[in-house]
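Look for chain A in each of the two complexes below; its partner is chain B in the first and chain C in the second.
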Partner chain A sequence: MKDDITTRWLLRIYTAVIFIFIFAPILASFVFSFNSDRFPTIPLGSFTWHWYVTAFSDSDVWSAAEVSILVALSSALLATAIGFSAAYTDHRYDFFGKKAFLVLALLPPTIPLVIFALATLGWLSIFGASGKVVSIIIAHTVLCVPFAMAVIRLRLNQMDPNLEPAAWNLGATEWMAMKSVVVPFTLPSIVAALCLTAAVSFDEFAVAWFVSGLNKTVPVIILEILTGNIDPQINAIGSVVFVVSISLVVIAQVLVMGRIKKPETV
Partner chain B sequence: MTEPLVVFENVVKRFGNFEAVKQLNLNVHEGEFLALMGPSGCGKTTTLRMLAGLEEPSEGDIRLAGKSLVGVKPHERDTPMVWQSLALFPFLNARENVEFGLKMRGMDGVERKRKAFEWLERLGIGEFSERDVNSLSGGQRQRVALARALVTEPGILLLDEPLSALDANLVIRMQAVLTKLQRELGITFVYVTHSQSEAFAMADRVVIMSKGEISQIGTPRDIYRTPANRFVAEFVGRNNIFSGRVNKRGAIDTEAGTLHVDRKLPVGDFVSFVVAADLVAISLSKPKERNVIAAHLISEEFVGSMVTLFFEATGGTEIKVQAQERALEGILRTPGQLLYLSFNASSSHVLKY
Partner chain C sequence: MSEHRSDNSAYALAWRLPMILWQGLFFIGPLIFMIAMSFFLVKNYRMEPALQVGNWTKTLSRGFFWDSYFLTLWLAGLAVIITTCVAFPASCFLAFRVSDLARRWAIFFLIIPFFTSYLVRIFAWQVILAQQGVINAGFSLFGIGPYTMLNTKFGTMIGYLTLCLPLAVILQTFSLANIDKRLVEAAHNLGCGRLRTIFTVVVPLAKTGLIVAAVFCFILSFGDFVAPYYLGGSKPPTLSIMIIDTSKSGQQWPRAAVVAIMMIVTMLVVALTAIGYAYRKRR
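== the complex of A and B ==
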């Protein structure tokens, strides 16, 4: 019994240490973004909005934000649409080579980002589609599809296999059943997939840096400012990016987890 | 002469190499309550699913009201089904679930709502119409499923083991609801079940299936009293099966003794016959009957006012006797007690094979 308690406490401390390790730098960056001193040192100077004001009066930052938002929204929509189709195909049909199809569909996140980025750049330049905003959208869509598919598949697996046939049985065509049964049933996971893929795209640096050309996204401009000098503006921009991404991920988590706990059907 | 409402003509259904349904010929008449019964894997559910269009027959033809259903999509047939899992739409409330079929037919909102509510009322759950289906009890959900299937006023209703998830009490209540509905509406019910009590309690005719084939079609009484073969006799239970060779005097030498049936049988043949458990009499002293078996009481099972007694005769033959509790007054019923069992030759039914 005593061992049990000791183990439990050790595990708790271990978990706490890991969280501190992960979040301390982010927290530091957050704190320093409001610090009036130019260099991140302790003791802190006074509270200021200065860095936020500077960052957001920079037109480069604004255009990067525009690109990032456009890319995140477009690739989230595309990736979720494709991910939904792939997940539904997996759920509904059995066909030769289905395993291979699934492996292929879930592969992109396992490829090192730099290699993926380089390959995408090479591939897109063949079509003359490199260095444009649309290039980032294409690359991010490919990167995000597996996430969307995984989230939606989770929800589809909870669906009573008779639910769709029941709709047909009551006079719904396959399209009507899709619209009035499958989509409403998977809606939480569709929204979750949208949030998650938008967050992935919004955060992503390597691929965007390779294929974006002159259309910088927020992570790319952060690096650009950072290579020049140590500028607390980075802390300000970083904090905003973090808040946006974590909100999207938390929304996704709540939508997915909330549904799993609640027993459905029968 | 008009054709029956549903006709299965030489229907075969294969899944890969497995023949789930073999050469099925079956008629379902208008307005009847037909039960398809058999052990799991006998092809009863596949048969029902073919009627709903969820499976296509590999061979043969299925006709509904004279029109072939081969190649007709599920949504183009009017064959609503009540599912074993109920398959209620969890994101819709009770009323919206019932409205679904009407909505697909393009009925306008107000009329739809009125009709759905009417059916929920009819099934006694009007007060729950706006409730989330996940918050309803098993019996209430069952009623929502029924209302959803019946709201479009179909000519036929398919039911796939709809009561199997309910507790015994509720099953009896729902049976009454179903038979009453079927009689009031006058429409055809095709009911798949593995439960003998459900089939016998509700159906006009019962189809017993085994390994993709029909073993027997008949009224519950026919099937109980005169099972067509050993499979049916054993499946139905509550039957005593005796086997033996026909001797020179026309009686049958079984392990439990020499017994007489009311039929002339070829001498030397090996035959089996059944005697229903409720047609066996029990007495303390040896009665003056032709068919008497001395047996020891093993155990008894008491359900309501009916008692089933289990005996063992010489040769290890197990014999079941079903009787009213009060009819057994004055008979000692301690396990191990030797009692005399007797039955009339006319109570026996010789099996074909």
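== the complex of A and C ==
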């Protein structure tokens, strides 16, 4: 499609505006976190560390950070392990009910978080497990498995299907082949899945809010401050949260994309 | 050679069962329990197992519920239309006018917000859109405004766009980039104007992907409570806000479950209808 210069520039500017819209809140949050005004506007006030100092001298924020990190690490490990097994099963086996297997694996992100939160709250309360840190870990693992599975499945797609049989022919058992062929080959995607699922868990607030009880995570603290009033502390906490999750997502993407560009056969 | 053996060895089951057990126990289990819960009784703020339809009849006979239901449906529908239209020109640009490398970078950046705190982004919008916020301060330089943007439908839509736009652009770009460019060239060579080419050639070819993107927008905005609450003012509440209000105050989990089931049924109907339409063979 050929087109004139005006159209091309209009489209370019339009796309730039879309990107600005998407990244404006993230950038604004960083800028406001160093801004002295309680109600930021333009022109900006003076530079200050005040909101960071306030936020980080709050012991609630620190205990929430501990819970968040514990939950993110545990659910990332669990979800990546389960996601790996599901991706490997999908890659290698055909069996009765495989379609249902895949639906079960990929369905959770399509259920609104509030609904899943309510259902989990009810379900865990029968076992007397609601309001505990472990209930957040359980629920976050459910939400993270599909992402872990998708990332690892992409990598398995690039694996030469003869690689495993070759190892068996050379005398390796299935478990040995898994350990010395499949796992090393998928390692970048396993690390990517760990990062991505940790980011998902670290940012999730609805389910954590419903099931956490007194063990609040960082997003739950943000939610509670947000319900109260406009408080620039959120920008300070939020900027730290952004840095953590953006780093995790970027690491994951670099690991996934770097390998897609130059496929290798180990 | 892909070794698709349907064996049930210990090795095969060891990889198959973890996901089935975990998601069965902690995903399907809770959802089925929620259906049962919708028939339970609440006495003295405690839930008791029962089989009675009171929660259903009480919830569904209230005008309040149906107002909220149609409001949520309307807001989500509006979000789908706006997101689809806003995303489309940018997706066309990314799909047709840039190099593969630039497209990969664009997708790279679009994935980032999807995995970063939605809550903090909404708070940033709250500050930006406020009566004395950045936007109104900008307007006042030109001597216009201030406009009330918070606690309006406009605010809700900004929130929904924040939630849906990155994903919509990604999905639309993929589906547009996959269509056969020669068909577009052919239409152009045959004298078809640019806009007409887009609506009679490009859109029908990319139909499936465009509809899938729209379905995701619908599901995301139909279930979201943050945008309508913190940017839209929550008066009247949407269904997800109703679930929170009902379950958090007074422990009325069974009635919240009724609302949740109505939501799931609605989303299933919308999604299946749309997907069925998307995959229907062209005449």
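What we mean here is this: the second predicted complex is superposed on the first by the 254 of 266 C-alpha atoms of A that agree within 3 Å, B and C clash if a C-alpha of one lies under 4 Å from a C-alpha of the other, contacts with A are read in each partner's own complex, and residues count from 1 in each chain.
By definition in this document, a residue touches a chain if its C-beta (ideal position, glycine included) is under 8 Å from a C-beta of that chain, and two chains touch if they have at least 3 such contacts.
The model shown is predicted, which means the values in this text are computed figures rather than measured ones.
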Have a look at chain B and chain C on chain A after the superposition and call it: clash or fit.
fit
Partner chain in contact with A:Phe185 - chain B first, chain C second, else both or neither:
first
I'd like to know which partner A:Leu223 touches here: chain B for first, chain C for second, both or neither.
second
Dominant toucher of chain A (residue count), chain B or chain C:
C
Centroid geometry (CA): angle chain B/chain A/chain C, rounded to a multiple of 10 degrees:
100
Is A:Pro165 in contact with chain B, with chain C, with both, or with neither (first, second, both, neither)?
both
Is A:Met176 contacted by the first partner chain B, the second partner chain C, both or neither?
first
Kindly classify A:Pro108 by the partners it touches after superposition: chain B alone (first), chain C alone (second), both, or neither?
second
Can you work out, in whole Å, how close the C-alpha atoms of chain B and chain C get once everything is superposed?
9
Residues on chain A touched by both chain B and chain C 162, 165
Touching chain A in the complex: which residues of chain C?
1-9, 11-12, 14-16, 18-20, 22-24, 26-31, 33-34, 37, 47, 86-87, 89-90, 92-94, 96-97, 104, 106, 108-113, 115-128, 130, 132-134, 136-138, 161-162, 165-166, 169, 184-185, 188, 194, 197, 219, 222-225, 230, 240, 243-244, 247, 253, 256-257, 260, 263-264, 267, 271
In the complex, the residues of chain A that touch chain B are 160, 162-163, 165-173, 176, 180-181, 184-185, 187, 263-266
Applying the document's contact rule, which stretches of chain A touch chain C when the two form their complex?
1-3, 7-8, 11-12, 14-15, 18-19, 21-26, 28-29, 32, 39-42, 78, 81-83, 85-86, 88-89, 92-96, 101, 104-105, 107-108, 110-116, 118-126, 138-139, 141-142, 145, 149, 161-162, 164-165, 174-175, 196, 199-200, 203, 205-206, 210, 219, 222-223, 226, 230, 234-235, 237-238, 241-242, 245-246, 248-250, 253, 257
Chain A-touching residues of chain B, taken from the complex the two chains share:
52-54, 73-75, 78-81, 83-92, 100-101, 103-105, 134, 148-149, 152, 165
